[in-house]
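Before I ask anything, here is the structure I am working with.
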Amino acid sequence: MLRDIGVAAFEDLVDAVPADARLKRPLRTPGPLSEVELRRQVGRWSESNAAARAVSFMGAGLYDHYIPSAVNAIAGRSEFATAYTPYQPEVAQGTLTVIFEFQSMIAELTGCDVANASMYDGSTAVAEAALLARSQTGRARIVVAGALHPNYLDVLRTYLDGKGLTVVTDKGGQCAPEDLQAALGPDVAAVVYQHPNFYGLLESPRTLHRLAHGAGALAIAVCDPVSLALLDPPGAAADGDPGADVVVGEAQALGNPPSFGGPLLGFFACKLGLVRRMPGRIVGRTVDTQGREGYVLTLQTREQHIRREKATSNICTNQGLLATRATIYLSLMGREGMREVAEQCVRRTHRCLELAEAIPGYRRAHDGAFFREFALECPVDAAVVCAAGRAAGVLPGVDLGQFRPAWKRWLLVTATEQRSAEDIDRWAQVLRTAGGAR
Amino acid sequence: MLRDIGVAAFEDLVDAVPADARLKRPLRTPGPLSEVELRRQVGRWSESNAAARAVSFMGAGLYDHYIPSAVNAIAGRSEFATAYTPYQPEVAQGTLTVIFEFQSMIAELTGCDVANASMYDGSTAVAEAALLARSQTGRARIVVAGALHPNYLDVLRTYLDGKGLTVVTDKGGQCAPEDLQAALGPDVAAVVYQHPNFYGLLESPRTLHRLAHGAGALAIAVCDPVSLALLDPPGAAADGDPGADVVVGEAQALGNPPSFGGPLLGFFACKLGLVRRMPGRIVGRTVDTQGREGYVLTLQTREQHIRREKATSNICTNQGLLATRATIYLSLMGREGMREVAEQCVRRTHRCLELAEAIPGYRRAHDGAFFREFALECPVDAAVVCAAGRAAGVLPGVDLGQFRPAWKRWLLVTATEQRSAEDIDRWAQVLRTAGGAR
Amino acid sequence: MTLNRKLLIQRGGEGHRGPSLPPCDVPVKPLAELLPGVPLRASLALPQVTEPEVVRHFIALSTLNHHIDKGLYPLGSCTMKHNPKINDELASLPGLALSHPFAGDEANQGSLRVLRELQKALAEITGFAAVTTQPVAGAHGEMTGLMLIRAWHRSRGEGEKRTRVIVPDSAHGTNPASVHLMGWETVTVPSGPDAGVDIEKLRAVLDERTAAIMFTVPNTLGLFERNIREITAMAHAVGAQCYMDGANLNALVGIVRPGDLGFDVMHINVHKTFSTPHGGGGPGGGPVAVAAHLEPFLPAPVVEEQDGRLRLVHDRPQSVGRVHAFNGNFGILVRALAYISTLGPEGLATMSRNAILNANWLKARLAKSYELPYPRHCMHEFVLSGRGLKKHGVRTLDVAKRLLDFGVHAPTVYFPLIVEEALMIEPTETETLDRLEHFAEAMEQIVREAAETPDLLHGAPHTAPVTRLDEGRAARELQLTWRTPAPAPGRTAAPAGKA
Amino acid sequence: MTLNRKLLIQRGGEGHRGPSLPPCDVPVKPLAELLPGVPLRASLALPQVTEPEVVRHFIALSTLNHHIDKGLYPLGSCTMKHNPKINDELASLPGLALSHPFAGDEANQGSLRVLRELQKALAEITGFAAVTTQPVAGAHGEMTGLMLIRAWHRSRGEGEKRTRVIVPDSAHGTNPASVHLMGWETVTVPSGPDAGVDIEKLRAVLDERTAAIMFTVPNTLGLFERNIREITAMAHAVGAQCYMDGANLNALVGIVRPGDLGFDVMHINVHKTFSTPHGGGGPGGGPVAVAAHLEPFLPAPVVEEQDGRLRLVHDRPQSVGRVHAFNGNFGILVRALAYISTLGPEGLATMSRNAILNANWLKARLAKSYELPYPRHCMHEFVLSGRGLKKHGVRTLDVAKRLLDFGVHAPTVYFPLIVEEALMIEPTETETLDRLEHFAEAMEQIVREAAETPDLLHGAPHTAPVTRLDEGRAARELQLTWRTPAPAPGRTAAPAGKA
């Protein structure tokens, strides 16, 4: 090949690279490892995680849901996994059609008019929603109403450079409308609330929307898509409330494993009127020169590759394959399946609470209706319960002490449809052991 | 649908089924189980096998070789996995081309002219070869020369209805030519020998061929395809010997897991002159009406669906997907990779022997060169060594006592390229522990 | 003009390598020292290709196939139903995939449990006393079943005299071929006008030389033999055994059990009724179920349970012996058990009911445009005749090839032999009404095309990767490996597109 | 005429169901009791379809895609190389796939080990002191890197005044977009005639308002900036930081390390250089590597090792904060580490060398038929101009669309903006000479076609599942979900075939 190129040595090709800056030694990186060795090594790492064996009652934004085998079989196909962004739509109708279906299903779940092709995760979707609200309203302040996931709040703070952020602390777990009212003003771009919130408690979306809209701010809902299979969708109009302007959230739960927190699937849905400010890719339906239906990336003039510094966001690569998985998942589960998933999560988690409340020393940290997650106040540090769980092959919940010292007796508990009654009994046994009350 | 069909009730459709013979109660079968429950149950069964954790030094016809990840990724595609036998070649060129490549690679490995699309397993391939020899020669007696896998011998006996079978017992592990000579006669249809044989020992194929052919019998070699990457292929002519007439064997080792002994991949290769008596499917190359190359099932007049009772065999469904896996495997490994696999198996197994011989009480059961497997005589029952191994997460070899009481101190040992030096050291430690000589 | 489709041996070359192996971390002694005096081969002509190119090669090939995940596959007698993905996942669990039959029962309780549970379920479904899971395909099961019958006759001192098996003329080719493998003789009985066997002709050939009758139920016309219990009784009356070819079990589950129809033994194609994927030709599974009197003869070893522990019992003095080197197609049996467990008792019955419903719906619809030789309610499949199209110079083969242009696979054609220009159609229960309608429309359109544009059918398929292939040439030239020279090169098409 | 391609919502219906859930084995209380007073939704318009139909739907869709396992994918700046299958396998090991970040360090040693080893390897490859693996894409990394720079300036009391970032005109759109996200201003500097940045113009805009320069190395023309060290020195001289967009790192590994070129911070696209599959748009991974002075500002938490135990350290007072809810795209990072480990030190260097070789070979070949605006040796990619074809009325878009007919993907087109009718070609190192030759022949044939049959190009692609799509209509009509009415139906083609 060198001859064809017309050089004598490879070095001639890279002569623009300053000779004295070049690396003159081999890299000190691991390997080379054959597949046999890699499987052994990574297999060992995998086994050293408790998740290799334990049953999990952990949520807090990442859930261990049932993933139908067909999701893996289909999404693993090279055609989906190894394709690039659909820049040549004529040879990317597979990906484009799937995104169109994804957008449609997210719009349906959230009650919004439109949805995009995905965001990095739930937290950055929240942050981008806040930025959208700022540019839409020309106002600066973002008000977080009640218990938003602490990590989401962190990311929002990072994106907002710590400025213009007001947090209306929850009262007994939920946002008190009067507290929110007090925090509002003419400089508020948006009210952000999570529903069900970080503690799993249900908020009053319509009230929050009315307050936000009353102040001329946008209402941004952060939702768990599993809950949306049952709950009144916040993006839809009802009782004179036009609905949230933006609904975002994390859709990992739809056919994707927790995977130590990534890759995830942020979703972003909104009113049609906001679509030109929406971040990320959007697919639209059109026709080809022969009049056949087809799909393309559309509204690209919002995007960085066209608009550069005037783009609505800098996002380029997104979380496409997870959106594909979510689309397959939702298709397999269907309306009835999704409802059942949600109902089972509700019922199994409530069963956990029922058992826990019968054990001396344990009680709910909050009142109020919760969906599929609740904070349990333990008679000992939650870390003690977690340690007891690990010994018994159970991850009994999220130790909230890792977020705030004041929460160190709180355990955030969820049970998906994968947790059997027997699992839940084992879970309760862990609580008994840890609480000292056998 | 019933209306379209023109009946009032489903029962009308099955009115030919005698009413009093019908099943009037629900079946007593397990389930229904959701995927979640199935994974739990079958997962539990899987975990209860020692193989879930132990490193294996077991062979005897089933080997734990490295399977490249790409083999699973490709062969798992619906296009290969869920297609039927390629009866409509125009929409089965994928399967047909793969079989053609499989036949080509098996022919190359064995040194034969042609190979078929697969047999049930190595043992039934041997039996079918014996039947071919009978019909080709018009003679009845099949002579087994030396150490054929005992289970293969069983299957051969079953297929031959126990008749016309002479076993020339090995001498010190190998077939003694004079013993074979003594067993031959004008009624002998074929000489069947395994090479490397059941004990892993190498036979002298050319000598055996000469004896067989001298008696007017066919020579049938039973081979491990991994060994054929290095060994002189018995089907090829050399030194005036035209080679074995038929080479059969088990190709599970080529990209397929042991899977408790099935599904397996019998292969069947032979001289071109025998092709019209060959059992099973064969693919041939041809052209379509536009002159483009293509592949079809050919010589179907040998097969049961055309010839019925005059067919060369009753085989219909074969082991196609395993042949696909083997073809992908051989393609990925290539000439160099296959040689290296074989060499590593030789070296690692010889390393086992080296370590074992240094432990008091252990010694080889036979002399003579062996390929990738050897019988080790233990100071205690092999079952004791196996039990010690299980406790230590090692399956140290095959306890030959399960075949014959006289062999109860013999452990048949193999180490594939997957067994590291460290694994082999652990193996030796098991031997020490079991032998009482720490 | 995509890259010319080449065989892998024509790609790559020196220096191209796939995935690597671990380094040899044991002492690397020269082979000549480890294999003293052993003749080694001089060359090995396998491809040398990189992983990306291997992957592309096989993925490109894969796309040339029709498969069940692409569309309807109404191959009569093959029961091409959906293969749930979970079953493949379970069969590849490491503890199962890596389990080794010689590791001992203690080490293999999980694998033995699978065999045991499946055997129990199959015995229940078929109404028999015991099941062997050693046979790996239908034909293998047939052979095994006939061996059991032979062993039973021998045990009664009738081994020598009973050497004939009576098989209806509608039987699958494996039946007579399996009979032949026993060294026995096939006696063919013709079907009567209602597609049932001609009872009088049957009676005429049944005698003390009869080892067995071998019936497919429902038969290969998809019809249930009304007189089946009289027939099995007649056979028993002369001391013969009754073998049922269970390839069509998909019609019967939860409705009627072969053991209750007078049969003594049957095989089951798990790659049909129990949805294990067909893999482009296999592997399948052909368990054999038997009445109690045949149990002692089952291939050894058998699985037995005692106090919850399972073991393989080899000591079976009356056994016909092994028919497989190990335990049958275990990985396939895992899938079958998973399928049975997923459906559960009611689901299994619904499966057969829906298979029957789908077939009858399609039959009723297509009877309007094709000839239906046996106008009765069918079970899970039915047979049409394409004879009526001959007047247009169109044959069943043309219909089959034309169907490929509609994205569906052709039915089984020219079988059973007793129907002229047969089209044997089995839609299975996993197809929706949408799919059946689409298939029916295609079949109807083809009837119109036969009259109006018969050459369109003669030239079909038009949209497949290749047009009709020259099978005669393949059989004449016998190019069976890539070492044989390729046929004269075809036209290299320029990329499509109107200039 | 295959079954009309429908959206899933148009299929199935009542009674159609996918896989089932376990029965609810806890007390089934009415929802109204568990969710008292909570407003529930009235309807949920999701499809109801069976598993077989869902599988077919998505498999049929999948076949409409080009993908790296199908053929060449020479998208410049995207590094579409082969994705080894083993990497996917490893990422789905249950212990990794199910690990939960809130389970605590004790429970997650394996996952933390992956992060730690990858961070070490990336630091070594890039020549930087530390790496964060939190950012999940290149653009996310850019934002994170700029935040680190901002934090550093602030720590030195210069936060207020440094609000400008200098970006060459050849830069990718994410660069200015990321700058904008910081509330900063982009200053664009033009490229000189040798495609390097115009040093004098650069000098003119560098001042104490400059927060950073942001360079892609090699640049998006595939050319290595000869003066890069002078440039970084110039920037440092005015107190600015130097950000390297590492999207093109595939050209540099083992050859030169960005940390040794004067850069302070860079991001790495693991979905390019380290071969994690692109998934039809993502997920990727955008780790950021920094020199020691920026380390205190990295997003919290960071992984630390002590006595072989790993932990996530949150107490990082100077941290810019979190940029991701958890630990970045962990599953992708597993793949990247597996890739790095497979290649090993020498393999990594060979990777970049071969990427450069392949690109130069193709460049030398195509320079004979296309205009090469910058006739220099390139690194891993190069840019041609299709300007010469305009005289035939053919544009680069036509070339791109026509290439699809040859079974290869089009290069990146109309980028970088500084080349008229740009074709940006990156073959990657995993392509064989065969594949490059085929691509070159296709490109050459297209030049001939442009002269002889330009309409063939205007109408291209001819063999793709659809012809060119009306993007204007899509943007006008905004049919963004299946609730919007479908466009006027297209022609329903009769099955192909000449009557």
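The first chain written gets the first letter, and so on, giving A, B, C and D; residue counts start at 1 in each chain.
Everything below uses one rule, namely that a contact is a pair of C-beta atoms (placed from the backbone, for glycine too) under 8 Å apart; a residue touches a chain by one contact, two chains touch by 3 or more.
Note that the coordinates shown come from a computational prediction; the quantities given were computed from them, not determined experimentally.
Counting only chains that touch, the fewest steps needed to get from chain C to chain D is 1. Here the CA centre of chain A is 21 Å from the CA centre of chain D. The geometric centre of chain B is 46 Å away from that of chain D, both derived from CA atoms.
A straight line joining the Cα centres of chain A and chain B is 49 Å long. The residues of chain C that reach two or more other chains are 12, 16, 19-22, 51, 55, 59, 63, 68-70, 84-86, 88-89, 459, listed in rising order.
Residue positions 32-36, 66, 68-70, 72-73, 76-78, 417-418, 420 of chain A are each in touch with at least two other chains. Chain-to-chain contact here is organised exhaustively, every possible pair of chains being in touch. Listed in rising order, the residues of chain A touching chain C in the complex are 32-37, 68-70, 72-73, 78.
Touching chain D in their complex are the following residues of chain C: 1-3, 11-12, 16, 19, 50-53, 55-56, 59-60, 63, 68-71, 82, 84-86, 405-407, 430-432, 434-435, 438, 442, 453, 455-456, 459-460, 462-463, 495-499. Chain D contributes residues 19-23, 55, 59, 84-86, 88-89 to its touches with chain B in the complex.
Interface of chain B with chain A (complex): residues 34-36, 40, 66, 68-69, 73, 76-78, 417-418, 420.
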